[in-house]
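The structure under discussion is supplied below as structure tokens; questions concerning it will follow.
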Amino acid sequence: MIEIPEAPAPAPTPAPAAAQGSRGWLRSNPLLAVGGAISALIVIAAVLAPLIAPDPGDAGSATHPFSVLKPPSAHHWFGTDQVGRDILSRVIYGARVSPLVALFVLLIACAVGIPLGIAAGYFGGWLDDVIMRLTDIVLAFPALLLALALAALLPPSMTSLTIAISATWWPWYTRLIRGQAASVAGRPYIESCRALGISRRRIIFRHILPNAITPLIVQVSLDVGGVILTASALSFLGLGAQDPTPDWGLMVSEGQTYFTTDWWVVTFPGLAILITAFAFNLLGDGLRDLLDPRRVILR
Amino acid sequence: MTTYLARRLALAVVVVAGVVLLTFVIAHAVPGNPAASWAGPHASPAQVAAAAKYLGLDRPLPVQIARYFAGIFSGNWGVSIHTHQPVLSNIATAAPASLELVIAALIIALAVGVPLGLVSARRPGRPADQAIRAGSILGVSMPIFWMALILQLVFAQRLHVLPVAGEYSPNLLFTNPLTKVTGFPVLDALFTGNWPMLGSTLSHLILPAVVVAAYPAGLISRMVRAQILDTVGETHVQMARALGLPERDVFGRYLMKLAWSPVSAAIALVFGYSLVNTFLVESIFDWPGLGSYAVASIGTLDTPAILGVTLFVAIAYVIANLIVDIVQAVIDPRIRLR
Amino acid sequence: MSFGARNVVNVDHLGVDDAEIVGLAGESGSGKSMTTLAVLGLANTVGATVAGSIKLDGRELVGLPEKVLIGLRGSRIAAIFQSPSMAFNPVFRVGDVALRALRRHGLTGSEATGRVEQAMRGVLLSPDLLRRYPSQLSGGQLQRVAIALAVALRAEVLLADEPTSALDVTVQAEVLELLRELRSRDGMSVLFISHDLAVIAELCDRVAVMQAGSIVEQGPADKIMSAPEHPYTADLLASVPAIERRA
């Protein structure tokens, strides 16, 4: 026999969910807050580089033969590199290089991917098939590899780097937008829009695109870290930035030969890459948790 | 299930054909004169013209494409400008080392990522979960080449715990030479009972494999966590509990099996990514794989070699995806029964 | 039972005897399903807490250590759920979870298989179905398998949470018949939770009516259906077009 007698007054457990106010938001999204803060700092550092860096000239082609390979000190917080340049300044200026590449790459990827995605998803049929096969083929190459091949065959420069990475990155956006466009285009209310004679352009801009914005933002923020890693990897291989550009990947590559004795030449630029990618990934993750309606954050 | 797999196979074939075509396009869209670089920097115009004829560059485009395809499928992947050997044989020599590294890395990634993902999903939002999530994102944000250098410095050169570079100790070649059975040093040592060599190859494998495993481990841990949290509210979970199964079984066996499908898809993705990651790491560890070959080819602008490697990796990637499709169909009856 | 500061279920007294089917009636959202979780000790899995007393044969359940509760679940208290197609893990064969549960409770592999197969025959299903995947069985079959699993585990109490709501009428009748048999033949106590008063009237010996988490009326089924005392019960009855009652 079962009895369920008196279940009296509530037994409250403190639930951290849905706390009101900004402090509550901070506590329930710690990763997003941290990621956002660090990303913002990096962007600020990039913008204010000439003001913050102790030796702005070192980010260019200045050389100081008498201060070669000095360990970190009060004068040079990160030490100096193999031609005597202040590493701290170069790292700060480096914040202008990789993130900018990421920005351009993602802009191009969107510029190419979104129209193709809309065309595939909205019109369907053979156009959809062709575009999807094309994305399948490009996606059959691991991203870094295709970028590597392209960058290797083009004259090494930041421009070639940007082009190479963009060429491998656009298919993801095409797929993403196509999925959104296809699901919206299939809905009954779109039919009625068409029946009412509303132009295709209006349908696309006023109905399809707004739905696609949120996953697009999430995807872009998640991709920034990835593009930065790819760009630094290619620069490490010598395929992108060239001396004297203060690109972090290039700095790691240049410092490789001295690494066993002068660890600071490699450590700090690499750390910069790590922290930047980490911050943007945290940001992207946090945004996804925040904006994706399907996500249930269990406590 | 056979129709499903037949469709995947047909799709794979189409993709491979497209991949071959794309590499051809890249090869010919590239600025620069392949005939000139083949002939060498001091060639006369007549020699360059002869080189062009030899390489078949004077034929109309469709013919070139057809010859290219024919060549690829018959094993003729061109000749390396630098080594003057067939590209395919260069690749065949170098590939096993890279594959060994990637597979070892994936094993480590699974062994680390799956349990961490499970632990993370058990008590979401708690400190352990936050720590594991932060760690996973760290793994995914790691610049591989930097991590390799740092670990090499710390563990090999400063602490002398692990070997610095190479696949095995060269000295062992004199006392315990390695007979080639599979082409994979670890397996070869295992199969021939060559224990000193086995120890050496394994210890040399550790550092590079751990470095390459960072990204997949982070990814897998996040996927497992996400998948489990997505399904943990479903009725069958309560039913399993109601039948008297401990949480350990509910999570570890029943929820986990649902997670394998997306995780195996992730493994295919990560296989390609990791294979290319090894390229960055191989020169640092003197690992005689595709990466070293590719990096050397980039240095000498050896176009056939670069394209050969690209093609090889792409095809390996397509095959890996196909294998994962098969595995998924076996594990997940929902796919089979459609 | 509460979620944080919100008190969701506040039950004064609800009892089920041996060989008795008690119906728990009420609208969706009145907290009926929570009762199932509370009795099983699974309230914490949805973030709720339980205060008060839940007794099985005089033994207090609230506050027992998890290990003991696991032992009780399935073997003494069993549950079947609404939407049988969702109650089975799609990547496992239908019999898998129960077999593992039985083994955890101490039986050997062959003993467990024997029991489950016998239970399947008891609900008029072929034991071969145990090897199928959930997607290969119909809703009615799945619900009967769920009942068979409860029988195989030798549960004394069955908490049936809207078990027939997702089934169509003919299948529903079979499941109800099965529950009656369990009561008469095996002496099982059944708590039948449903929003469907017609089904409750047909099946249950006693009825409790729940409104917004509290029981507003309890008593023998006949009496409640014909002469309800509480206005809410009267409202519920009035909204059902025709109630057929068994002799």
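Residue numbering begins at 1 within each chain, and the chains themselves are lettered A, B and C in the order written.
FYI, a contact is a pair of C-beta atoms (placed from the backbone, for glycine too) under 8 Å apart; a residue touches a chain by one contact, two chains touch by 3 or more.
No experiment lies behind these values; they were computed from the predicted model shown.
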Note, CA centroid farthest from subunit B's centroid sits on chain C
Highest contact count belongs to the pair A-B
Whole-Å distance, C-alpha centre of subunit A to that of subunit B, is 23
Chain centres from averaged Cα atoms put subunit A and subunit C apart, in whole Å, by 51
In subunit A, the residues touching two or more other chains are 299
Listed in rising order, the residues of subunit B that touch subunit A in the complex are 11, 14-16, 18-19, 21-23, 26, 30-32, 124-125, 130, 133-134, 137-138, 140-147, 149-150, 153, 157, 229, 232-233, 272-273, 275-277, 279-280, 284, 294-295, 297-299, 301, 303, 306-307, 310, 313-314, 317-318
Subunit C residues touching subunit B in their complex are 37, 40, 42, 45, 66, 70-75, 78-79, 81-83, 86-92, 97-98, 100-101, 104-105, 133, 135-136, 146, 149, 153
The residues of subunit B that touch subunit C in their complex are 234-247, 249, 253-254, 257-258, 261, 331-334, 337
Seen from subunit A, its contact residues with subunit B in the complex are 16, 30-31, 133-134, 136-138, 140-146, 148-150, 152-155, 225, 229, 232-233, 236-239, 249, 252-253, 256, 259-260, 263, 266-267, 270-271, 273-274, 277-278, 281-282, 285, 296-299
